[in-house]
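A short write-up of the structure that comes next.
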């Protein structure tokens, strides 16, 4: 996988919130092989380092032809990004376009332990 | 009734929230025999297993010609889905199109006892 | 006045929330004699009995030619419906179309005492 | 019925368009006795005289307790207002809130013959 | 099939437009057996008779469990309603919720020949 | 200044919330002499008396040609209305149309001391 | 009255369309003395000269305390602006906030004669 | 490429309009290799045969990893679909999400020659 | 100025419409020195060549610190782009954020002479 | 840098909230040199002094040609404005238009220490 780049938090020591919204996420359903489309929201409180926006875009593009379920991909993104930037808190929300007439939303949270 | 399928929670042990929204629910008014139309929202925190989306669709389709009141169907969906996936928490919201010029919304919650 | 019909709560013993929204309420201003138009929202947690939707519609229609102020009618609806279904909690919200260029909203709550 | 007041067209001789929109029209269904709610739009090109807004409001209020069908009331309003102000052209549009889950719109036009 | 009721046009001789919108239409896909959901719009210029709204509702309800394609049902509704009320002009528009991520709209017109 | 009229609270003893929204407020910038336009929201819990809507309209009209800053007028309205009706709680929100490409919102609260 | 300033059309000889929208127009009802609020749209094809935006703003401000009817003020603005810039075509649209629950729109056109 | 399936027009001989909207189209920019996302609208008047919806979905999926420009892909879809169903008329509209802060729309038409 | 790049029309000989929308245009008012913000829409029918999107972005960026009036900049963009790609038709629309409480829109057209 | 002007709080001693929203902020990406566009929201509880709106506008204009990252500029605005008006609390929110298909939001808070 592409490396997720980071940069030093320009206001380390101050608690503040960064949100990145990607309305152009796409992966593939592992059962039907059909494409899934969704919006991924990353919301986090950085500690020492921040996520670099461009490498984040390339990271998301790697799912384009990968077969993975809604619940699994949302948890995997959280794990990958927590590992990349070691934030104080992080939330990942994935909102999916309708399949079989139904819309799904998955919300996962991480809170750094003291 | 169709069996509601489930699959193992890919992130068991982590508390996170799954929402499925079905804007195409329809049942029948038990008094007038006229069709009712609504949006059903399922929001839950899974424990060991998750609800499988496709079987959920077939489960909802079984109400298509069944006569049942707003309050009753919302409570019954909660009972059926809690039994199917034994979640830590679950909320069912049903929002109905206007009948006699009035819109109704029913919200029911389940919280697993320790 | 028409009697407000009720029916037994199909899930008595479980705390859940029922909302009925009537966007077609109309009464008359007691000073000018001009019609008022508003949306009435009823939100309640039923105890033993629920409000029957059709009789509710007829109940609201009785205000059509009655002269009554915004504040008074909102409080009266709460009193009448609490008496009719003896809920655990109830909230009435009335939102009125502009009069003299100004919109009004009245929000009244009831909480059953133990 | 209340007389519909008029006033001399302040720009007689110039063709221009006047629109009045009443989103608070209500009448009664002649079959069920239940209230109907709609938005009435009047669009006209005045000739010698214009419709006075306040008397128009009182004119509409006279339908409040009158039993009349959608198609009939829309045509009657056109006839009454054409008679009142003798315009060069007039269009009446009535848009009704849902009854039995269906919305209706009626559009009627008048064009003065030379 | 239920008979579509009609009533005499209250303004026969005047060309005007009537629109009825049914956002709660549902039929069944003849291949998959899955329900389809759509909004049906009827727009017509009546000649001698008008469509009665309540029987129209019952007419639409007969498609609830019938397997029929988008293109076919839209053309059939036009044929049935033209036969029922013999209008000067009629247009039927069906707008369908997404299937396989795609939305469809069908627009069919009828013009009485002189 | 015009007197702000009041009337006895029809449900004195019950805590409930009244909101009046005036989207047509206008005053004058004391520096440039140019008009300012805003929406004023009054939200309060009445004690013994309520604000009368019509006199409120006349009260707001007195600012039409008065030069006063955003922050000052919002605080003054709170002071005047608290004095007029002695509520248990009151909040005034003023939302202003863009000046120099920027929008402003001022929110002031009053809480009666025991 | 303030003079409406103009400047030479930078593309004289080419037919093109300029629109200015003023959502903050206010005048006074000549009967009740109450303020009216509206949006004024000016759309024109310039000939030799264009309307200068700032002096237009001051021109509109002169109506702030003037008693004038909807129909009259819309026609007067057209006459004044045609005189000021002698356009090839001009349209004035005034859209007014609700009075007595009714909204009004006035549309007036000018076409230069050859 | 996948074959685009068709079926006989159920109302051949009557001119009517079919629209299919695919808000989930994605292809790849041939220069940067980055994904493009767009909505494709197909609007056509069928002659003897209609486009089958499911094979259309598979046809669109073939662009998922193909490098092709906005203008080229819109023209190619028109050519392919005209060849597949030989319609009387067809229009393809592609609307693309922002790239470099700019949105693009391409509209191509086909009209059968007599 | 940066050169506006072009590329050969991939469907030369077929009349079709290309639209590019730039919601992030900014220039400077030549009188006050304050920044202006607007949305520029380019709609054209290409002849032999098309506008390349990236160089268009750089072309627009050159106005960032340039003092120029609404009417002048809209006409200049039309002239520059017509010269760059020699289209069959072109329309430029500029829509500007409010200045002094007023919004402006300029629409300019070009039609190739035979 | 331009000095940020202030004026004495007209209601010093009362805790209330002031919000200024600038939807026309623009700076430059320090890596690509391309312009960034965003909306800056300032929400604060003043202590002794308030921010003067016009000098705030000039303060924001100084970023027009400055290369600075999203996270850095949001923190810098907070620092500068806290220093300028020494508020009891302040929050800065920056919301940015899409870059590479992704939107970002940064939220920073300041709370005066006792």
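Letters A, B, C, D, E, F, G, H, I and J mark the chains as written, and numbering starts fresh at 1 in each.
By our rule, a contact is a pair of C-beta atoms (placed from the backbone, for glycine too) under 8 Å apart; a residue touches a chain by one contact, two chains touch by 3 or more.
Given the structure is predicted, the values throughout are model-derived calculations rather than measurements.
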{"item": "Interface residue overlap between copies chain H and chain I, same or different (over half shared)", "value": "different"}
{"item": "Chain pair repeating H-J, as identified from D-E, B-D or H-I when over half of the contact pairs by residue number coincide", "value": "B-D"}
{"item": "Which of B-D and D-E has more C-beta contact pairs", "value": "D-E"}
{"item": "Centre-of-Cα separation between chain G and chain D, whole angstrom", "value": "28"}
{"item": "Chain centre separation in whole Å, for chain E relative to chain C (CA means)", "value": "37"}
{"item": "Gap in Å, rounded to a whole number, between the CA centres of chain C and chain A", "value": "45"}
{"item": "Multi-partner residues of chain D (each touching 2 or more other chains)", "value": "23-24, 37, 97, 99, 101"}
{"item": "Residue ranges of chain I touching chain G (in the complex, touch as defined)", "value": "69, 71-72, 74-75, 99-109"}
{"item": "Footprint of chain C on chain G - complex, ascending", "value": "37, 97-99, 101"}
{"item": "In the complex with chain H, residue positions of chain I that touch it", "value": "9-11, 14-24, 50, 53-54, 56-57"}
{"item": "Chain H to chain A touching residues, read off their complex", "value": "23-24, 26, 34-35, 37, 61, 64-65, 97"}
